[in-house]
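Starting off with a structure, shown below.
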Amino acid sequence: MNEPLRMGMVGGGRDAFIGAVHRTAACLDNGVRFVAGCLSSSPDKALASGADLGLDPRRNYRTWEDMLQGELALPPGQRIDFISIVTPNHVHYPVARAFAAAGIDVVCDKPLCHTSEQARDLAHTANKSGVVFAVTYNYSGYPMVKQARDMARQGELGDIRKVIVEYNQGWLAGKLESTGQKQADWRTDPSRSGAGGAIGDIGSHAEQLVAYVTGLEIDAICADLTTFVPGRRLDDDANLLIRYAPRGGVQAKGILTASQIEIGHENDLRLRVYGTKASLIWHQEHPNQLSFRPDGEPERIYSRGNGYLGAAARKNTRIPAGHPEAFLEAFANVYNAAGAAIRARRTGAALADADFPTVIDGARGVHFIEKTIESSRSDRKWTDARWTNL
Amino acid sequence: MNEPLRMGMVGGGRDAFIGAVHRTAACLDNGVRFVAGCLSSSPDKALASGADLGLDPRRNYRTWEDMLQGELALPPGQRIDFISIVTPNHVHYPVARAFAAAGIDVVCDKPLCHTSEQARDLAHTANKSGVVFAVTYNYSGYPMVKQARDMARQGELGDIRKVIVEYNQGWLAGKLESTGQKQADWRTDPSRSGAGGAIGDIGSHAEQLVAYVTGLEIDAICADLTTFVPGRRLDDDANLLIRYAPRGGVQAKGILTASQIEIGHENDLRLRVYGTKASLIWHQEHPNQLSFRPDGEPERIYSRGNGYLGAAARKNTRIPAGHPEAFLEAFANVYNAAGAAIRARRTGAALADADFPTVIDGARGVHFIEKTIESSRSDRKWTDARWTNL
Amino acid sequence: MNEPLRMGMVGGGRDAFIGAVHRTAACLDNGVRFVAGCLSSSPDKALASGADLGLDPRRNYRTWEDMLQGELALPPGQRIDFISIVTPNHVHYPVARAFAAAGIDVVCDKPLCHTSEQARDLAHTANKSGVVFAVTYNYSGYPMVKQARDMARQGELGDIRKVIVEYNQGWLAGKLESTGQKQADWRTDPSRSGAGGAIGDIGSHAEQLVAYVTGLEIDAICADLTTFVPGRRLDDDANLLIRYAPRGGVQAKGILTASQIEIGHENDLRLRVYGTKASLIWHQEHPNQLSFRPDGEPERIYSRGNGYLGAAARKNTRIPAGHPEAFLEAFANVYNAAGAAIRARRTGAALADADFPTVIDGARGVHFIEKTIESSRSDRKWTDARWTNL
Amino acid sequence: MNEPLRMGMVGGGRDAFIGAVHRTAACLDNGVRFVAGCLSSSPDKALASGADLGLDPRRNYRTWEDMLQGELALPPGQRIDFISIVTPNHVHYPVARAFAAAGIDVVCDKPLCHTSEQARDLAHTANKSGVVFAVTYNYSGYPMVKQARDMARQGELGDIRKVIVEYNQGWLAGKLESTGQKQADWRTDPSRSGAGGAIGDIGSHAEQLVAYVTGLEIDAICADLTTFVPGRRLDDDANLLIRYAPRGGVQAKGILTASQIEIGHENDLRLRVYGTKASLIWHQEHPNQLSFRPDGEPERIYSRGNGYLGAAARKNTRIPAGHPEAFLEAFANVYNAAGAAIRARRTGAALADADFPTVIDGARGVHFIEKTIESSRSDRKWTDARWTNL
């Protein structure tokens, strides 16, 4: 077995939600050990949270700046291999920038940062220092999403004409942020969440899922963002029409909806891709199935763990068909792929398959959020939303 | 038992699809007898088609003008009670106008006609002559749609914030009209279908379904119509953002998609309504169920035929729960409701419940199609699409 | 068009459930006209019920004996072509026997009669007089059931190893018969329903569905019948293990469950057939789909109305895919197939395809009920339940 | 945080399936560390497998006897806290007996052992030494199964009348054991698997699931075991009728089917419980939902992670609703509950809630397998299968 990678973490302390998911996912397959952290922006809470989790007191830091300094002072063989950033959004940028600049590989939650300017800076910093920089768009870690991507790439859909992606949630239908619920509190606060509410928190997942599966690039956006809950400061519902860049003579059209006020939906991310030959449907809440619908033939239900699936789906599967895998495993797949890149960087080995979202995907996501907000404020129907790879 | 109403029909001869559905539905509960017809625009085919169906040769007409004249010449007790118009769209207007003007009640397929001007004329004609004028937006005939309407009206959803309606089809993903397939042929021909392709043929059903269930009125539309199949002359895919007129201080937002190129979908009409208290989901291909999702409680699956349902659902149900009813029965419910109005007009009795779409709904539908096309051609994001009841 | 067949009916008056279904189904495609009836065992109710339905008073009979006599007195060209018997079970035998003996074709509801002796007598009577004798096992009228049958016959499943058939209902979980509910009343009364409760009323449908689709013959039965509701006189729950006659060297095993006390199920008839090459699953409450699962390949969802289906499914389909058909249409398919046989008998024409259940199927069903009851009372595990075609 | 428990493992080396699941599940929440092992019955393979996983060479043992001796030689603060036994079935007994007798807590896979005599011995051994002895009936670890149990216990179903439990698999429909596939090889070999094939491997899960949720005790069994695949030495299909001990005056009836030859099913464990007031349905392949069907009301879909669920479901949930949890998490819940008992034994603290299957459940399962085989060979319908707690 490979020696596990040493992970440090910023954020994810007491009361956090996603930090524990990151830790469990990162370590799921024993490829990573969690060895250092600054788990809260409050030094006392940070220390208490790290103690809860059994961190070595010397590596349970009061501030992320302390952690960076402390880890750099360790010999390379003990120092963290990478930093996982799972704070509220506004902290992503300074932390990611500092660790990347110091040559420490980065795994950062999404959305990457608040502005395209920050994103560009992060991408340049990562590029300059040569670090691996993964962004945890976790839904692209699902095996059946990878199967969808393979099938789309291999032309089984023909030319893509239309994409409908939905991210339906209902948890913010009431003013939950008034109750002190921590997740609602920061996600509805522009100073911490960024300029996007639903569009940033979940719409960016939807954008990335489409890009990952189809490879389509957005040409233009027509957005209508709404804040339904009185007194809320960010959008809680986003509806978009999209025009993708023509490919093979076909310009695909899209609908993207992301909402946090749709009562009765939990975490209902759905993707449909319609081509000239077939269509695909995937649904995050039942992630082990993928519907494939070739023209003129019966619908086929592909199921995770079967021999008829492609290499990417098989590689990202742990247990046999019918023994359902879910959210944690998909998240772990992102960490594993990033981990493979981190190991490859250490050894200088060629990386066969860098199948994880990078700082570039994160930057494209920030651009998408900005353009959506711009479009929503515009009277023009179409807002140019083309993105130039950094 | 009431004496059955006597129905004449225009259209619906050999090779037609929807004519047989209308005849079966109209007569399903023995409230209607089919006694006269001009079943094709080709006189020979009309006569042959009527003979196929056993029409009395004296009432099997060569032209609809002959039928109108012939029926008016009969004594009222033999004359048709109403005309059912099931032709391609371009024939609706002249036939409906002539019969309505002659005082004969009308049941007409949707979309009502090609232009708002025609629609206004039909509404005025019907109003002047006092005839009953039903438009067969058949999906509003489903019992569980009526249940949804009742629940929305009674406030079980709270204020409505968002509506997503989809009408997904894939049958025109290829150029079926080139093969001589009759349904594809006229539906893709602007001179017969009207200015709308998918938006007219199925988008108008989606519009009516929302209006029927929610009572929401459209304020503004932002549409993107596409013709994906090369050489086709009408849109085969329609994506809309919608703003509804504020109600109770809440402005509902909407997404409407209607497509004929989404391979793998058959007749996949779906409605979701999200309110401040609960949401509703209905799906035409499994029409006997209705999902109701109150905030903070488990989803509830309402099922047709059960005692916990409201009066409208129960009234429009024939057979017990679990013995599925479907398309024909919903269609028949529209005919039955129209038939009740026709009988009431005969007897002068008050009509307790005119639960069927009328010429007014048809006119609003034509307005919707026109505004969608206008919006699709516009660079402005929002096209005013308010409609003034005629 | 063919002249419609003239149908008489016994039973199905006021308060009945299934009579109206038979009338609607028989006449759905205009191949049958309902012209005579004795709609209740109570003469007054019979007359009132017939008047409700607009029967010619001369052919609205007080007793079924009157009807038989009255119709025989009419010239053949006016006389009913066939009698439809939709009474409670105990009336099936005398009526069917008398009409069959008089040379009038018969359509009779299931279970055919109370005893195998009666069944044998009916089969012999029908055989002697040469009449057509259909039994309305309506679920075999569904197009996707016919597709399943075709696929099983054509070897797409390989050799059949196992069959699971369920008929789950919950409507008799309480003592509904105490409330005066008419359906519950006679169905739980041995003198009218026969010796079987759930096993007779719905178990017999399950038996026939398996026989129809698979062609398997029952060798032996191991049954456990229960009466859960205190005071009820017939079983309301039936669970069976079944051994089928070996075929191709494989002895298939079966599970059959039929229950009226399973709260939360409405009319939940389900069939699963497992072969050496593939399996099939069908569910009556969503009858337009059929799941086909070939070994080592993705599940395929066959959907009614598509071109890839076989001749039998296509022939029994009225409207396009996605426009759901349901219970009434399946019932009508049984009437249509029986009607074709009745017409063929009139004309002496060869009948290409007698695809409807006959008195033989009805007799086998009665045998099945008897053997199940015998088994349930026995301490031996297996009760020989082989059936010799009459 | 509590210091993690130290786990040793027997079995689960290269080519094994379930060993990795146990390791991941045990360590998922950082409550357990894997520190010692003998991962194969082949010493060379054992050492290689342990090295793969990074075991300390001093605690990577050649035989389980070596491990027992080696660990006992360590000071208590270093010695393994418990042994996890994940070998083929025939090895469970000697290993479990030896470790239990030595006072080391045991987590053992199911079925517990080959005979009731062995099971009794294990139970007595565990009782005498006072060890915690868990058996990994992992399906009872699912939160929605715990919710079902709570609802059944709290009387929300009323008295239970009927239980249908199915464990449908198709992976052994062909003679997979001839191909050298390791899982198929030992599971179809009586000397390693025990006297039960499908009934032992998966039927025992079904038995335990019913007992866990309902608390019903089996009175009598009527079984039909079949070996469909030629040349196979154990049953690959099991169908049972069951009579449960009367409770509250109601004797519940049951159907249990467990099959490995049902093509198209993967790991399709389903449970339905029907009471006098309501019913429950749960399905392992979509484990985050639970259907509750109260009499006369709409079906309700309970979904994991929501506030309306009971304490047991909430306690066994890690991530929010809509972020699906699955097989691994359920397995981990069993380890966590066993771990709590192990910690409580260390500290002498009272254990609030010992919510995990024990040696007693394992023994009852072995009894069930034996009685099923006895019944299958018997000509009598009912085989007494009552079980006396040891």
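Going in written order, the chains are labelled A, B, C and D, and every chain counts its residues from 1.
Going forward, a contact is a pair of C-beta atoms (placed from the backbone, for glycine too) under 8 Å apart; a residue touches a chain by one contact, two chains touch by 3 or more.
Computed from a predicted structure; not experimentally measured.
Common neighbours of chain A and chain B under the contact definition above: C, D. Interface comparison, A-D versus A-C: the higher number of contacting C-beta pairs is recorded for A-D. The most distant chain from chain D is B, comparing centres defined as mean Cα coordinates.
Measuring from the averaged C-alpha position of chain C to that of chain D gives a distance of 43 Å. Chain A and chain D, compared by their mean Cα positions, are separated by 35 Å. The mean-CA centres of chain A and chain C are about 56 angstrom from one another, to the nearest whole unit. In chain D, the residues that reach two or more other chains under the touch definition are 265, 299, 303. The residues of chain A lying in touch with chain C in their complex are 292, 296-303, 306-308. Every residue of chain A that touches chain B in the complex is listed here, in rising order: 161-162, 164, 170, 173-174, 222, 224, 226, 228, 237, 239, 241, 243, 250, 253, 255, 257, 259, 261-265, 272, 274-279, 281, 291, 293-295, 299, 378-382. Residue ranges of chain A in contact with chain D, taken from their complex: 1, 3-4, 17, 20-21, 24, 27-30, 51-54, 169, 171, 265-268, 284-288, 303, 305, 318-329.
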